[in-house]
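Structure record follows, encoded as structure tokens.
The letters A, B, C, D, E and F name the chains in turn, as written, and every chain counts its residues from 1.
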Amino acid sequence: MKYIVAIIQSDKLDNVLDKLEDNGIHLVTVTNAVGRGRQKGEAEVYRGHKEIGTLLKKVKIEIGVNDDFVKPAVDAIIEASKTGEIGDGKIFVMALEECHRIRTGETGNEAIG
Amino acid sequence: MKYIVAIIQSDKLDNVLDKLEDNGIHLVTVTNAVGRGRQKGEAEVYRGHKEIGTLLKKVKIEIGVNDDFVKPAVDAIIEASKTGEIGDGKIFVMALEECHRIRTGETGNEAIG
Amino acid sequence: MKYIVAIIQSDKLDNVLDKLEDNGIHLVTVTNAVGRGRQKGEAEVYRGHKEIGTLLKKVKIEIGVNDDFVKPAVDAIIEASKTGEIGDGKIFVMALEECHRIRTGETGNEAIG
Amino acid sequence: MNTRIFLLFGILFLSLLLPGTALAADQSEGIDTGDTAWMLVASAFVLLMTPGLAFFYGGLVRRKNILSVLMQCFMCMCLMTILWVLVGYSLAFGDDMLGGLMGNFKYVGLKGVGYEARGTIPHVLFMMFQGMFAIITPALILGAFAERMKFGAFCLFMALWLLLVYCPVCHWVWGGAKGFFGLGGKGALDFAGGTVVHINAGVAALAAAFVLGKRQGYPDKISPPHNLPFAALGAALLWFGWFGFNAGSALASNASAANAFVGTHVATATAGLTWAIIDRIFTGKATMLGMITGAVAGLVAITPACGYVTPMGAIGVGFGASVCAYFAIAVIKKRIGYDDSLDVFGVHGVAGMWGAVAAGLWATSVVPGNDTNGLFYGNPSQVGIQVQAVIYTTIYSFVISFVLLKIIDVIVGVRTDENSERMGLDLTDHAENAYTILE
Amino acid sequence: MNTRIFLLFGILFLSLLLPGTALAADQSEGIDTGDTAWMLVASAFVLLMTPGLAFFYGGLVRRKNILSVLMQCFMCMCLMTILWVLVGYSLAFGDDMLGGLMGNFKYVGLKGVGYEARGTIPHVLFMMFQGMFAIITPALILGAFAERMKFGAFCLFMALWLLLVYCPVCHWVWGGAKGFFGLGGKGALDFAGGTVVHINAGVAALAAAFVLGKRQGYPDKISPPHNLPFAALGAALLWFGWFGFNAGSALASNASAANAFVGTHVATATAGLTWAIIDRIFTGKATMLGMITGAVAGLVAITPACGYVTPMGAIGVGFGASVCAYFAIAVIKKRIGYDDSLDVFGVHGVAGMWGAVAAGLWATSVVPGNDTNGLFYGNPSQVGIQVQAVIYTTIYSFVISFVLLKIIDVIVGVRTDENSERMGLDLTDHAENAYTILE
Amino acid sequence: MNTRIFLLFGILFLSLLLPGTALAADQSEGIDTGDTAWMLVASAFVLLMTPGLAFFYGGLVRRKNILSVLMQCFMCMCLMTILWVLVGYSLAFGDDMLGGLMGNFKYVGLKGVGYEARGTIPHVLFMMFQGMFAIITPALILGAFAERMKFGAFCLFMALWLLLVYCPVCHWVWGGAKGFFGLGGKGALDFAGGTVVHINAGVAALAAAFVLGKRQGYPDKISPPHNLPFAALGAALLWFGWFGFNAGSALASNASAANAFVGTHVATATAGLTWAIIDRIFTGKATMLGMITGAVAGLVAITPACGYVTPMGAIGVGFGASVCAYFAIAVIKKRIGYDDSLDVFGVHGVAGMWGAVAAGLWATSVVPGNDTNGLFYGNPSQVGIQVQAVIYTTIYSFVISFVLLKIIDVIVGVRTDENSERMGLDLTDHAENAYTILE
């Protein structure tokens, strides 16, 4: 099992959720995040004082999947959230040792999907 | 050492925190999250336009623990947050390689607890 | 590759971001969090009713790095966020198996930096 | 419940199509433009108090229930208005019926409520000004059962409470009731609604807290106010609108109104400051919520007194208001252990009682438009009259409110189910979320 | 665009330095202090409606666009004011020009608008009261193209719309236009702006929705209102301010104003309740947004009628308002499929049309200051006159608004680029964020 | 500090129990209902400005300090009111004392402030209207030291500042001071408080910024405004309330009030637009914060002038206001490098000075109730008189404010400790959080 963490452009979330669904991945958790990257922020101006924000709004998606769903998940995310412009974000994949479904107490591969 | 990530019903947070405490786990970090799962959202209606939200409010708990605290932690979470209805959430456990306490610079097992 | 998760005092974020930059780590993702720890909360009073909040405001930083950047990252965080008082937080390091840059489709070590 | 409202509504709408029920034409003689200008404005000010209250209350509940509070307030603005023009005004200001318990039906559908002068303003404007009181008074109660009452039951309770509790008490005090119930006739001082509005609502709130029971997790697992700036906004609108409420109760733009205005402001300021000091003494820090709570308690307490006491007397009224309300909330409530979610009884009931009594202490005939002196000006008997009015109102309001709620509980159930309470009323009762999380 | 405003501004500023253009001195004879007090207040109330609208609209858009909505409203408060005093007032209230299409230039730069009585209030105050209407009317439109119009194009459109649509229609109805355009002269009833304000803006909004096209992701991927409490706050301020709008339109503090005040309140309450009931019937739950939307529709509908119908008639007006607006929004809009972001056409256009017609149904000479009866009082022909006024206004507003937008589109482009729309107008058009995320 | 307030309070409360200190009865002869209606409303409007300011300021600070700003504003509403009725009114409007530096004690405890007409309104109402000014003026200052001043020191400073700075300057200009300090007597024009309120507060703010020093992390690590919609709400309430402030300063409901009303609105609109244009020129985009800041600067600048200039003159006043304030904030402040957190000096001090001078430029006897012409109407000497008034006020306010703060700093310390500043004043000074994070 793997644990996928993806940081994406926040307005691409709907696209990504749809595409994941298409690729058979329904279960996801989403949080707000801000990120510093290569992307330059838009200038903000407060009473004539210009600032370039370095932390830009992103959205973080987390998905626990069985091994054979890693590729479909990664592909779906890339496909649905790529704009080609700097700031599109990253996908990280980690090993997942255990998974429990709270409602049923199921564990492992059964619990994850 | 392990890193536990649990997604639970948001109103069960108090329960879970208490139960974790009972099982000897005091240190936790909590964030807001929304999740898509099997659970059907309540219908929302805006000027006669009905929508079923797919992203439902959840709470994410993260805990770094020594290996022998994994089971007590998982048990506590399941016990305290289970309602038996769809939407109760998941617990994920990953391997944790290092842990540092910022204040003291301690590392590893000493740092975690 | 490693995935670093750090929970720090929220007002130390600017410091940490600067110091990470100094140590060559530019890319980070940040989220709001609250944490329960040894730190005692300030008393809050609502109409004469005193409460000691147990969940205190923190900030969570996540960084995917190549192995040789783990130490610089950890050092930077500790140096920049240490106040010496209880509540300074923790740094967790996990193994990272894959990394994809969404924009380019690059993977692994090239994608991460 | 739904069908009930429905029926009511249907009948009412049909009645409109009969133009014969309209008002008679009449003269604008005796109408003073200055007084009318002030009363137009005062009416608008009082209306604004209900949204003010909505934010004052809404900021204090949890994120998942704010819309239910706003909705209940707006529902009062709508439902009470219609009931008032159709029948409430008549029950409150009609001629005695049932031995003076309430007014009769002479003004039903605003029959006979025309454009002629009542005092120096058009009668229809007097009716509307009073109607604004009939909106905010029931709305005050909802703080007691916030976060757990079914919306349908809420509507039903509010409608019945208006007709069976508010209108009668209003009739006793301001509606010219004679005989046993004629508190006004007996000389009870209530310039702008200490008994009619605040004690009445505060006591009903206590009854509601008993009938509804505690929220899940009360008192230890209820998270703190989700948006205190909203509560501050609400308090500011209340303070502002209250000038219309109190100084408007002079029904004219004269020295009496000016005195009521000044007294209102001074008492409120004193009460806000007093609470801040009490907070500082007992818990070490002056809190924003405490200060605005104190200010509202001051507004409540000065309400019955503002037409009778001098600005200096108002300082005394305001000071006592915060002391009494603080004590009620921080000490008594804890000891008795009921869950009056937003302290309606403490702030409105207790400070209202203090205010009614205080009117009997500081009243002085120096104030224009008033001939009654209070204890400090040599007339101790006034205190007795005030206490009597408080007791009558308290008993009547508590008993009828309690019984009403029990009956409604049997018929439709007053309390939302456990799951809805957990998820929050916004989503389960109104199918909405107050704030988005991501976008 | 920038340079254009610039030029305008430069010229205007220079003209100030010539003191010769000032107003003539004059007497305060014939001025009533009570009426003036009321009109001062009413003008302030109407001004407050625009920020009210800003929050009503701003709460409904997405988090990334709220500032753009607030900014557009504030821009109307600034830009329209200046245009109004410089030339708009003259176009609306000057003597007939172009065969009565609009007023002439006699009042340009407020020449001749002095301190003498117009009715019983200073002329300059009358000008200002009317000026507040000239702010809110264009502002209403912006709900239709919220979240996607370029700010520069917005300013240009608003300025031209004021001069070429608002001022003419205002002139026809209230400015004493004679001949073909003289809707007022023909006997069309519009007490406070059903045609001039609401139909006018609502129809322009529809035109704008067509020209601008749909937002990315509409209708399925638009996230829900980001802050409904703000929308409620806005609705409350609108309700409050509308008393100035409607009762102020009596231009005096008299029985007519009182009647307009009461009618406004009653119709609004009825409409709010009606929407709640419709919601409950069709979707199972009464929503807060529905109730405040209904209330606003009620305010819109009673606007033309409030000086002519009794409070009981107002119940009918309010009821119909919600029924019509609900139907327009939940049924018609879906079927036609345009993206009127915040339902300006449904709430202002449709409810405004209903209100204009309803004035022709329930008008009665019982109401002080009115001699015209409507259908229910034996004068069926009034309905025809009302319908005619609706049609003229609708056609004129739609055509000119549509053409204006198309021309502006060609010159500077009305729609923001795709990327800006994705990132939100707050950041891309105004270089700001409404809320911080971390601190 | 605590104990001090305490003592004060104790004494004051005791004094209430002596009914002998009450007001004398008197006639309501000479009172005009229209004027009184307007002044009742105007007083309420001015009160509302302080919560408006609270939100204007509160939206601009960081999330962790908003309650401290709201609390400080509410504290001004409470504390200043009590000081005003007890002694402040007397110091400002009593007969000359100390050679005209301030008023004497004749009105202490409102002795002799009764219900008789002062002008055409009850004296007690005049006192209250002026009291509202005494609330907002100190409150303006707090923007300068927001996010870092100890609450106890704040209360002490505000109380002393009211009595030692506000009351004297008010006495010079409006209180009938004679001799050296008699700015009013010397013919300085200040209709509604350019010197008394805005320059006074703005300059005190500058002094405070110097004494308090910079916030940790200023200027680079201060995160942007946490809630700009709140700032917009505050600006809207300020604009609205300012009609009471300026047009209310006519103390009657007449052509002078109407002119002040119109001038206020026009100057504000012009200033808002001007700032937007400046923003666009210098930074490429018109910002919402810029526009509302400009509007407030316009309100400030027109304050002294509104009773003397025509609506066209007001355009000039408004235009200059934004130009001066922008320059002060975006250029001067950066260069000098003080940390006036919310630009009180730039917006109130600088625009106030401009306004005072501008009154001397555009004043014209065409305006009812004014006989003085300004430079553009052939009386260049008026500019000199205005400049003199500005200089006197500036020096006095700066010196006394600076010294006061230094003394308080020695006694109790003005600045919060480093750790509290990091955690935010809401939690450390008031034991509250503005918003919950999870629920």
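Criterion: contacts are C-beta pairs under 8 Å (C-beta built on N, C-alpha and C of every residue); 3 or more make two chains touch, one makes a residue touch a chain.
Small disclaimer: the values here were computed from a predicted structure and weren't measured.
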Those chains that touch chain E and also touch chain D are A, B, C, F
Chains adjacent to chain A and to chain C under the stated definition are B, D, E, F
Comparing A-E with C-E, the one with more C-beta contacts is A-E
Chain A and chain F have mean C-alpha positions lying a whole-number Å distance apart equal to 50
Per the C-alpha means, the centres of chain C and chain F lie apart by a whole-Å value of 44
Shared-interface residues of chain C (touching two or more other chains) are 30-32, 34, 43-46, 55, 94-95
Note: chain E residues in touch with at least two other chains are 32-35, 37-38, 41, 224-225, 227, 233, 283-285, 287, 289, 431-433, 437-439
Contact graph of the chains (line, ring, star, complete, other): complete
Chain A residues touching chain B in their complex are 3, 17, 26-32, 62, 64, 94-103, 105, 111-112
Note: in the complex, chain C contacts chain E through residues 10, 13, 30, 32, 59
Touching chain E in the complex, chain B uses residues 43-51
Chain C residues touching chain F in their complex are 11, 14, 32, 34, 42-46, 53, 55, 57
Contacts from chain F onto chain A in the complex sit at residues 219, 224-225, 279, 282-285, 287, 289-290, 293, 326, 329-330, 334, 343
